[in-house]
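Read from first to last, the chains carry the letters A, B, C and D; within each, the first residue is number 1.
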Amino acid sequence: MFPWVYGFSWTPGHVIFVGVFLTVAAAVAVTVFLAVFRSVQDFRRGKARQIAWQSHFHDLPASDRACRHALTGELKGRVCDNGFDCRQCSVHARLTAIETAPPAGRLYHRGHTWVRPAGDGTLLVGLDEIATKLLGSVGQAAAPPAGTVLEANAPAFTVRKKGAEFRILSPVDGVIVESHDGSQGWFARVKPAENYSDVHLLRGHEATAWFQREVDRLQMAACQVNGMPALADGGVLEGDLSEVLPPGVWESLSAEMLLDS
Amino acid sequence: MTRRATPGKAARYGMIIDLDRCNGCGACMIACAVENNVPPPDAKATPRTGLNWVRVFRVETATRPAFVPVMCMQCGDETPCVSVCPQNAVDVDPSTGVVGQIPERCLGCRYCMAACPYQARVFNWRDPQWPAGMEQALNPNVSARQRGTVEKCNFCHGRWHAAVEAAANEGKTGSVSYTPACVEACPAQAIEFGDLNDAAFAAKARAAGAFRLLEPLGTGPKVYYRTGRAEVRGAVSGLIEEAKNGQRS
Amino acid sequence: MVSALDRAWIPRGVVRAPLTRFGLWVGLWLGVFAVGAYAMYLCLADGLFHTNMDNRYVFGLWIFLDLTVIALGAGAFFTGFLLYVLRKKELKAVINSAVVLGLICYSGAMVILAVDVGQPLRAWFTYWYPNAHSMLAEVTFCITCYLLVLCIEYVPILLKNRRLRGIGGYLVFEHELHKLMVVFALIGTLLSFFHQGSLGGLFGVLRGRPFAFREGFAIWPSTFFLFILSAIAAGPSFIALTTWLVEKISRRRLISAEAYDTLARISGKMLMLYVLMKSLDTLFWLNQTAPARGFPAHRFYEFGNFGGWTLFIEIVILGLLPGLALIHAPLRAKRPVLLAAALAACAGVTLNRFVLTIQTMALPTLPFDRLMSYWPSWQEFAAFGAVVAYGVLVYSFSFRYLTLFPQERELTRAELMQRSQEA
Amino acid sequence: MKIARFLSYFSGLAISLAAGWTVLPQALYKEVPQPASFSHAAHTGEKGGMQCTDCHAFRTDGSFAGVPKLETCAGCHAEPVGETASEKRFVEEFVKKEREPQWQIYSRQPDNAWFPHSVHVTRGKLACEGCHGSHGKSAALPAYRVNRITGYSQTVMAGMRMDDCVACHRQRGLSHSCLDCHK
């Protein structure tokens, strides 16, 4: 194969044959090397987390990636391609340009967490009703300790229940200043980051529409289970869902709701 | 680059087998096996797994049967086995015209065997074994082959080596002559061995009644057959018109 | 403990068989594998006399099946080419499965080849002292390179596993590798093109075997191109067929009807093209190539077992008919028709490989020689069984723990919804 | 910090390479002692004045005899001719007892290689040094280290690998197909 190996000759056939092979081998090696190199670069530039989330996000079923403006009916059937991060979304910016009213009450993240200004410059972060129904109360042990840096859309902490594991996504950028067991509805008090923005969070009638859809999904899944309190108005879900739903359905449903595919 | 044969000028060794003389005794097969260190067949060997470098076929014809010894034809043109070998274990020796098969380079893929229209190549399906003491009687001029490699007739190349060495020992130059074992052993003297570059031998090979096996394939075999019987030529040569002639006569 | 671990590795939102049933399934195939591994050991440690191959049948069951699985495994490169290069998005539904199938087919073929050659420890000779004129050298180079490419293509599928994706930079590497997948798709296409062709060329260049020999273009005989065509015609059919089989065994729905339709349509078109070319080639060979070498057509087909019917079945029954069924939209819309046609297409390629290997070996070239038959030994069957078992095991584990069919989750949910509405 | 990491990386690499370079050959080869010590230098050149062919002779039929038998040695060394202890021991151990020394042959070729000395030396007029290097001037026999797998000597004299044979044949325009040298 090489000039120094017995039997090699500089005939066109030999040269083409070996040349093509070495080119292919080199191309494969270079491409793999490039992938490794780029991965290292991503880490250096701190893009690793964003890439990981985008990758997760793209694996979600299309129905789970519905744009907030599709939920409210402003747009038809739009699937989000920004990883639920409306802060960089031009469509969102265009549609909300006229909206000036300051947000009131809770702002919801698509991973079923919420944020509420505590009034003293900090933010309270908690699990919403659906997440609580699915997981029960989180407990102090699971909540992240003070000093933990949170990044929007990145995992904030992990909940284990009935052998299943779910990671809870953080709704905001910031640092936890106080963690709580969730008994009062919130699990962390967060000092927002400097570039804190809440435009990616659902509010007002968006939140209502989204919440309604999520309840519908739960209802749909719950319908097949005997003895499940399925309420026509979709308002209240009774009981601990992990007890009522069959384990497979409960885990799959919880994972989808919490955006943990 | 010019290639010069080691001693003297290049030869093109060939054979002429007289089918009218061959009586199918099989002495050539035995002499070949002894000369070339072919191990005796094991208990389970069949004619299809045996290590025969030369095989004598019995061919039925319209009259009485003919016997056809078939060995490697040392194809001269577009040698089918040489181009297919993936790792150059087969080549044509320009100084003798013999197709060389080097078992030590052989992978045992058997592609060359599939390529050979004469089925002149055999494979070592198992480890070669000799009865106790018989290793002492092996021919030192021929190296024994390993299991998993292909081997075939090379016109008793060990004898050629011996002839070259003997000539050098005597300080002689020029071409050497030697006789393959099968030629020597044939009691009917049906096989003639010679150099096709030699005009007299070449003329004999191309004389009337001579033919080669499967000539239309274009492999240029250097083993010639001759017979005076048209029906034998028809049944053996593989030529369609010959076959028709053979049936008519 | 084990079941918790098992559960943690299964992708979210899909339903898999209980661990015990999966264990039984794996155990069954491990048994098949063990028997075959023993047969392989016999051949490697003792010699190839354990097979029923002989100096006439130098290629037997193994080479025939190797050629077949490599042809069927062509679905991997062709799907990759259609998806990444021609941007046929519908095929995203099967690409992962196709890659795993390709990996299994190629690695399995390599394992069998390693047993089949007499001196496997000398395999590196082909790299060190290659004969550039040999089709087999080209096949060796291309297949090993392509196996490497398939392994690389398998990496992103593996890294997307639910547990592995959480580890360090796995997902980032997966992301970067996936962005470059078009390079591998192109290299894979180039390599596959050449080795599928060279496998055909392997027989087409045998000038000493008029039954296999074909004229061609430059250094490539016509079988070179026919093998490529037939492989890419059967590849999508094989993927449709295996997907259906996995659906039946796992009792899940895995891909949409549209994905089936796309696979069938592509397969049908390529099959029709192949049948046309194959017919032309056969006519030319029977009337021109073979007679010129002293072998009129009737000499090939005057043997009882290998009569002209093989040609008819190969081209018409297993070529033209499934081709017609697959290009006709209303026909292929019927699932049983689609599956039967896909099966016929795969069988047609299998028969083609059988004819070129076994029939070529069976037919005598010397006019005074005769047709010979061959039946593989149990070791040959068992060794191939081991490769099948290996493939089933790799696929089973991949299917259980990796996302081979991205549409499965949505289909599962739709199914659950439907069932709940019916209840 | 960075330097420390580099250092640890390269020292690790160096240790691995060194280990691979030294340990592996040690494991692959085993040393076999020669039956007696022998100095080519003492016999040839100005000191001994002998030619290679005086001991490594061609037989009367023209073939090459290889390493000399005991009788050749005994021709001069029936009694010690010098003062060295090794010679004395050789005479005591082998010559007196008529015990043939089993020399290990550095230049032993594989069974399938055909190398006639007469073709190369008598006819081709090749000098011994062309293939055997300066073996004839060595003061002591080098260690004979045999490959545990192949059974061949590790120290092959200069110019005795297949590549060397082929290169020489090519250079001289001689035939170099497989069968020219393989049997």
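Just so it is clear, a contact is a pair of C-beta atoms (placed from the backbone, for glycine too) under 8 Å apart; a residue touches a chain by one contact, two chains touch by 3 or more.
Just so it is clear, the model here is predicted, and its values are computed rather than measured.
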Chain separated most widely from chain D, comparing mean CA positions: A
Length of the line joining the C-alpha centres of chain B and chain D, rounded to whole Å: 38
Intercentroid distance (Cα basis), chain D paired with chain C, Å: 54
Chain C residues counted as touching two or more neighbouring chains: 128-130, 133, 137
Contacts with two or more other chains, residues of chain B listed in rising order: 88, 105
Chain contact topology (line, ring, star, complete or other): ring
Contacting chain pairs - touch in the sense defined above: A-C, A-D, B-C, B-D
Interface residues, chain C side, partner chain B - complex: 46-49, 53-59, 116-119, 122-123, 125-126, 128-131, 133-137, 140, 202, 205-210, 292-294, 296, 360-361, 365-369, 372
Chain C-facing residues of chain B, complex: 44, 46, 48-50, 57, 59, 68, 70, 78, 80, 83-88, 105-111, 113-119, 121-127, 146-150, 213-219, 235-240, 243
Complex contact set, residues of chain B against chain D: 1-7, 10, 89, 91-96, 98, 100-105, 141-144, 154, 157-158, 161, 164-165, 168-171, 173
Of all residues in chain D, those that touch chain B in their complex: 61-63, 110-112, 114, 116, 118-119, 122-123, 170, 173-180, 182-183
Complex contact set, residues of chain D against chain A: 162-163, 166
